[in-house]
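Below: one structure in structure tokens.
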Amino acid sequence: MDITDTKSAHNPIPTNLSPYSDIASANALLFQAKARKGISFEKIAEALGRDEVWVAAAFYGQAKFSVEELRKLGQVLDINSLVLTEHLGKDWWPNRGLGPIPPTDPVIYRLYEGVLVYGHPIKAIIHEKFGDGIMSMIDCKINVDKKPDPKGDRVVLTFDGKFLPYAQW
Amino acid sequence: MDITDTKSAHNPIPTNLSPYSDIASANALLFQAKARKGISFEKIAEALGRDEVWVAAAFYGQAKFSVEELRKLGQVLDINSLVLTEHLGKDWWPNRGLGPIPPTDPVIYRLYEGVLVYGHPIKAIIHEKFGDGIMSMIDCKINVDKKPDPKGDRVVLTFDGKFLPYAQW
Amino acid sequence: MDITDTKSAHNPIPTNLSPYSDIASANALLFQAKARKGISFEKIAEALGRDEVWVAAAFYGQAKFSVEELRKLGQVLDINSLVLTEHLGKDWWPNRGLGPIPPTDPVIYRLYEGVLVYGHPIKAIIHEKFGDGIMSMIDCKINVDKKPDPKGDRVVLTFDGKFLPYAQW
Amino acid sequence: MDITDTKSAHNPIPTNLSPYSDIASANALLFQAKARKGISFEKIAEALGRDEVWVAAAFYGQAKFSVEELRKLGQVLDINSLVLTEHLGKDWWPNRGLGPIPPTDPVIYRLYEGVLVYGHPIKAIIHEKFGDGIMSMIDCKINVDKKPDPKGDRVVLTFDGKFLPYAQW
Amino acid sequence: MDITDTKSAHNPIPTNLSPYSDIASANALLFQAKARKGISFEKIAEALGRDEVWVAAAFYGQAKFSVEELRKLGQVLDINSLVLTEHLGKDWWPNRGLGPIPPTDPVIYRLYEGVLVYGHPIKAIIHEKFGDGIMSMIDCKINVDKKPDPKGDRVVLTFDGKFLPYAQW
Amino acid sequence: MDITDTKSAHNPIPTNLSPYSDIASANALLFQAKARKGISFEKIAEALGRDEVWVAAAFYGQAKFSVEELRKLGQVLDINSLVLTEHLGKDWWPNRGLGPIPPTDPVIYRLYEGVLVYGHPIKAIIHEKFGDGIMSMIDCKINVDKKPDPKGDRVVLTFDGKFLPYAQW
Amino acid sequence: MDITDTKSAHNPIPTNLSPYSDIASANALLFQAKARKGISFEKIAEALGRDEVWVAAAFYGQAKFSVEELRKLGQVLDINSLVLTEHLGKDWWPNRGLGPIPPTDPVIYRLYEGVLVYGHPIKAIIHEKFGDGIMSMIDCKINVDKKPDPKGDRVVLTFDGKFLPYAQW
Amino acid sequence: MDITDTKSAHNPIPTNLSPYSDIASANALLFQAKARKGISFEKIAEALGRDEVWVAAAFYGQAKFSVEELRKLGQVLDINSLVLTEHLGKDWWPNRGLGPIPPTDPVIYRLYEGVLVYGHPIKAIIHEKFGDGIMSMIDCKINVDKKPDPKGDRVVLTFDGKFLPYAQW
Amino acid sequence: MDITDTKSAHNPIPTNLSPYSDIASANALLFQAKARKGISFEKIAEALGRDEVWVAAAFYGQAKFSVEELRKLGQVLDINSLVLTEHLGKDWWPNRGLGPIPPTDPVIYRLYEGVLVYGHPIKAIIHEKFGDGIMSMIDCKINVDKKPDPKGDRVVLTFDGKFLPYAQW
Amino acid sequence: MDITDTKSAHNPIPTNLSPYSDIASANALLFQAKARKGISFEKIAEALGRDEVWVAAAFYGQAKFSVEELRKLGQVLDINSLVLTEHLGKDWWPNRGLGPIPPTDPVIYRLYEGVLVYGHPIKAIIHEKFGDGIMSMIDCKINVDKKPDPKGDRVVLTFDGKFLPYAQW
């Protein structure tokens, strides 16, 4: 059953998919293999010795696997790792940033709303605690944890980023 | 020394301040009193029995003090609490969201960059761990902690929000 | 205690209030009187024989009171109704639409998210049930009701708008 | 008769269709099958034991069918349900939000105009009736009903969403 | 002579055509047939018993032909009308609104400039003549006439729309 | 009763009025005098020997009164015409274009929707009837007429603009 | 050597070309033929008896060749002129306006910067010299000349447009 | 007669003037003096030995008068030149660029339309005549001339800018 | 001579100055004092033992003076340093980012054009030389030097920023 | 293993790559050949006698190779140089400017942040050192150097551009 040429079909429904439209072919390959194996990011992360958020980021082309990680990934996902190193290897560099902005998906919009509502308060507390500088989003580790709660489980999302003071010269 | 009428002065420098330009007068009053007392959000938060990020949010008009909290705030900041209840009391409701967007200040931009780069990965992990739903930004608690580190202290920013599954009907 | 000249104060906090910044002086007068009387929209609506959402809309300059309604409003709010008819009377017309868009306040954003997520599905059902046309937002009545629920009270928001079929010519 | 290669034809008319351009192939498949069967959302909803708005939302990729629902859907639409579970099954997650914004189609624009004109009034009434919080658009049920009226039938659109109070911490 | 694969040709000239890029395949089919027949909208409109502006709107997917009109259209344009009813028949609904905005084409921009320059004056006169309400763009008929003039022929563009008073409730 | 300093009042309601915020002081003077006299644009237009839409446009600073018209206007509105010629006289030139765009007021938005939905069809008919060129919005006369109709009165809005063919060189 | 399927190649480099992405196939055909012949716009313009800027505009689909000009063009470029008249003949109309805006290419940005910096001054001088009206961009001829200069050759760009006074009515 | 406090008046008409809102006080002083003297840019330009477009640009703060020019300007306009040198003298630098963009005023929009429609053709001709580089908008002289024509006078607008070839390194 | 109330003057010229409109009062005070003393950033920088670019940044509120630097600044500019420490002292934090974007002033636009044209090439070279990471704009020193050149002096602008590799976790 | 038709695959992952989506086919060819050879920009630059930043810019279509350089490039990359001269030769001109703006990739965003934060200070210093004019981005050479540093290597990015004084006329 071919579902690709729906564009000329009865009801005018096209086939492109904006939400992931910034994802490269080789990354799409990873998503397909993951779906075929029915394996979670958690399991893949275990096999790589990395956190699941970082692994998901790398799947979306937002982080860079080492050659060794690509090799392990090939094993976990049953992909010839030569294909991976050819497309995502040492000469490939992430182009970070996945739209649309403002996000339209409610999961991602809530993060954005966090910036809108709590951005200035967080800035104020960072300055009071650390002085004039920023929390790095480059030297930063991000985790998503599940905290059971009888009134409804909670998502605990943590950003652990290095404080960088402003240079003076 | 009056610094308010600089607009007609020699060099054409105006006086308005966009970064805080969405803050109401009564909130400005709080910031002034805080500065006059030279007191940190941490100390004010202790006096109110609340977290410093929440208190900073309320200072920016992004959260709502109870009448009891306004009374304590008046004591801590030496403001007649009648003034506070008159302006920020039971009939006042926050209008949340403080621009500009995209943020131009690097501290706030880094949070926004977190959404740009890690928004899709975080969404993917939330779905894998919790199913179809979102992390609430309404029933959500936010903390900023300082984690000493010999290579440079780290900012640990935590969002602890209830998972809300999508309704079906 | 004057809180108006905070602009030149210690901490650079200005005083304007963007969320309501499209509201005219005469409408501001209504909000002030309402706050001074400590009266709800529900009570004002009862006195006028109108729905509270419509009354709130008129307070925000998004609907037009009749001269008779302005007279009753003056009584309810202790305002000389001549002042009201002079500013909001027969020669005044609403300029509808209150920004910012996309809304930054989470209450209003959720309505906007309803358009983003359910706009196309609602359009599809309207066409299936009514044919080619629209739900009028001009001949439309809007209600907000509270539905008690042991798992948390629910907001029931209803738009009751005339179906308008497209003209052909 | 092939209508797909019109791009190179006499008059320069291309073939892509922005209004649905965020719809994935598998969802397009559903629309095609629905058109082929000539069946309404109402009938499909009955077969699934769901509301027609929710079903339309799921057709547009804005909600997630359960595996059981995909099975029933396959029966109703004469699609091999394996195709559906492969593409829209447990590993697929909606990317919600369908542009363009502001909407250009008048049906959807009227909903958006409802936010523009009545957003602040609705917010005011929600706060007066419920306090500081929001109407959830996640735990929310939406209906479209037809109300016969001699002066012209009316569309009754209802949002029934849980009230979520703001956390304090 | 194939002009479709010009993308890989010597000079880097692509082939897509944004001005019409929101037009569906089936509508493109109409434009092609019209060009092949060398027939004007005026003639097609006569055959259908409709105005030429409405017919042009329907060609652009901005209005909906009845099944009877599609049948006549098939005759006029030598298209198998089954093809038309399959693609533009009872289950197809227009997605109205054709970009870009602001319009870049001078013909369309001038209409837009009319809104920019004369929007407020027209609103003022409508309110003075009709009260608080709008001119419907749904129950509206639009004509383009040619008025000969020795100093240069004139375009007479008429919008004849029903006045809709605002509901009160 | 002073309604100007509401900014520091109880409820945080500011006083500026974006819809007219592009209107110059001298034009505001005209609006005030018109309201004080309780006179319609129709009457003013009669006194000036001009159409009411043009007069309303000139009130909004979108057209330029001649010195003679300013003199008559002073008489009609009881304004010292020296004041008018000083501010709106021979050295004053209109800066045309009144935001916001897209318009948020439904009256003006409907005109804008006319461009969105019917812009391309109107362009197509203009080209078929006149060739390659535009309808001038400079040499253009605009009228608003009321057409009584038992099913609801109709607004007849007419643009009568010179056709301008494109130069070739 | 095929360079079209680079999308799936090693380095993730796509192939579309936004700068010209609004150009239709038939216009692309002209650019290809021009490149193949190695002929300048100046020479083509001579053959057609037109200015080179106008010819370049017509190549970009921003002006309309007459049937006679298409015939000559076919001769100059060795294209079967039937192909040209079929695609760019009497039923084809330019859709003018070529993005992106603001322009990113420095050559075009400098023109845009001319509007940003000198727009108001030019408007002031036009009003002083001509009164209330505009310089037509429809009845306008544009030339690019090279003026040798020992300190560096100069580009002389001339717009020669008819002054159009505003209508009054 | 005071026309400044119209904001609190009957009809809600504010007084700020966006079109010139980027003009500094000292420049406003020049415009006022010019109006008071009833003198044209042409005359002022003669007195300064400069072109009228350049002088108008300097009035709008888009160019920088020398101290000698400020002295002459003081004489021509009867302003104490010390005031001018204090505000526009050696320590003042233009901040160029006057909004809004896209321009809403038709005079300025037509220049912008020139970029939209003829930007790519002009770029093509510049490259053919000069190679890879730009026409400078910094080392550029602009003139507006009136060319009498029986069919309607013409505006001749000339940009005479140095060609700058791209550096290679 | 008062130049502040020009808003109500003859020609409608307002007085606000967007280019610096994000500068706080206390920073405006610095600019005024600098102009009054007729002292360059270079001289001020020498007195503070800092680079002139950094000092200019701090004048614009884009960097934070230490208390010691504010004391020296008071001496250099003849300002009571208590005023400075009160407004720009330890409790004041920069809100960085000065619009408009895209910049309209040609000096700043050229920097922006550098990002547009050379952003991807610079990224490519940074990755080749340093790996996956960024050049910090926080730990970054910026200099502007003048390099005499017989063909025209050159501006040498240097960014010296720490390379920050991406964290993995 | 074909990775191109992933669009119809299990998980809805498309294949286009926005970050480079403005790159022409012929430039993509260069990137592919470079990756196949595993050669750095530094090495290619050496072979061409150019700087690596300039070469990277030319790869991205942001600069123009001479015919001689294309010949050398063909040798270095093992491409038939006829292919290169056919596509990137004398009749090809760069269309400069590579989006998106604001940049989402952190490497490029930091450059943009440099404009946001230091744009006005850099402008101020340029004016103080050079007078009224700009640093050319056309006659400008850009270098990226690596400066070893025990606390972390540093990126030294230099713009060396000719100062261009504003013309007066």
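When the chains are written out, they are named A, B, C, D, E, F, G, H, I and J in that same order, and each has its own residue count from 1.
Here, contacts are C-beta pairs under 8 Å (C-beta built on N, C-alpha and C of every residue); 3 or more make two chains touch, one makes a residue touch a chain.
Going by UniProt, the chains are A, B, C, D, E, F, G, H, I, J = Cyanate hydratase.
Predicted, not measured: the structure shown is a model, and the values here were computed from it.
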item: Selected interface, G-H versus C-E, where C-beta contact pairs are more numerous; value: G-H
item: Angle of the C-alpha superposing rotation, chain F to chain G, to the nearest 5 degrees; value: 180
item: Centroid spacing, where centroids are CA-atom means, of chain B and chain I in whole angstrom; value: 27
item: Between chain D and chain I, centroid-to-centroid distance (C-alpha), Å; value: 49
item: Numbers and ranges of chain D residues touching at least 2 other chains; value: 3-4, 7-8, 10-12, 15-17, 19-20, 24-26, 35, 54, 87, 91, 94, 96-98, 101-106, 113, 116-117, 123-124, 127, 133-134, 136-138, 140, 142, 164
item: In the complex with chain B, residue positions of chain C that touch it; value: 1, 3-20, 35, 38, 100, 103-106
item: Touching residues (chain side chain F, partner chain H) in the complex; value: 2-4, 15-17, 20-29, 31-32, 34-36, 80, 83, 87, 91, 94-99, 101, 137-138
item: Residue numbers on chain D that touch chain C, as the complex places them; value: 19-20, 40-42, 52-54, 56-57, 59-60, 62, 96-98, 101-103, 105-108, 110-130, 133-137, 140, 142, 144, 146-147, 149, 151-164
item: Sites on chain I touched by chain A in the complex; value: 50-51, 54, 63-64, 93-94, 123-124, 127, 132-134, 136, 138-142, 164-169
item: Chain I - residues contacting chain G, complex; value: 102, 104, 106, 109, 113, 116-117
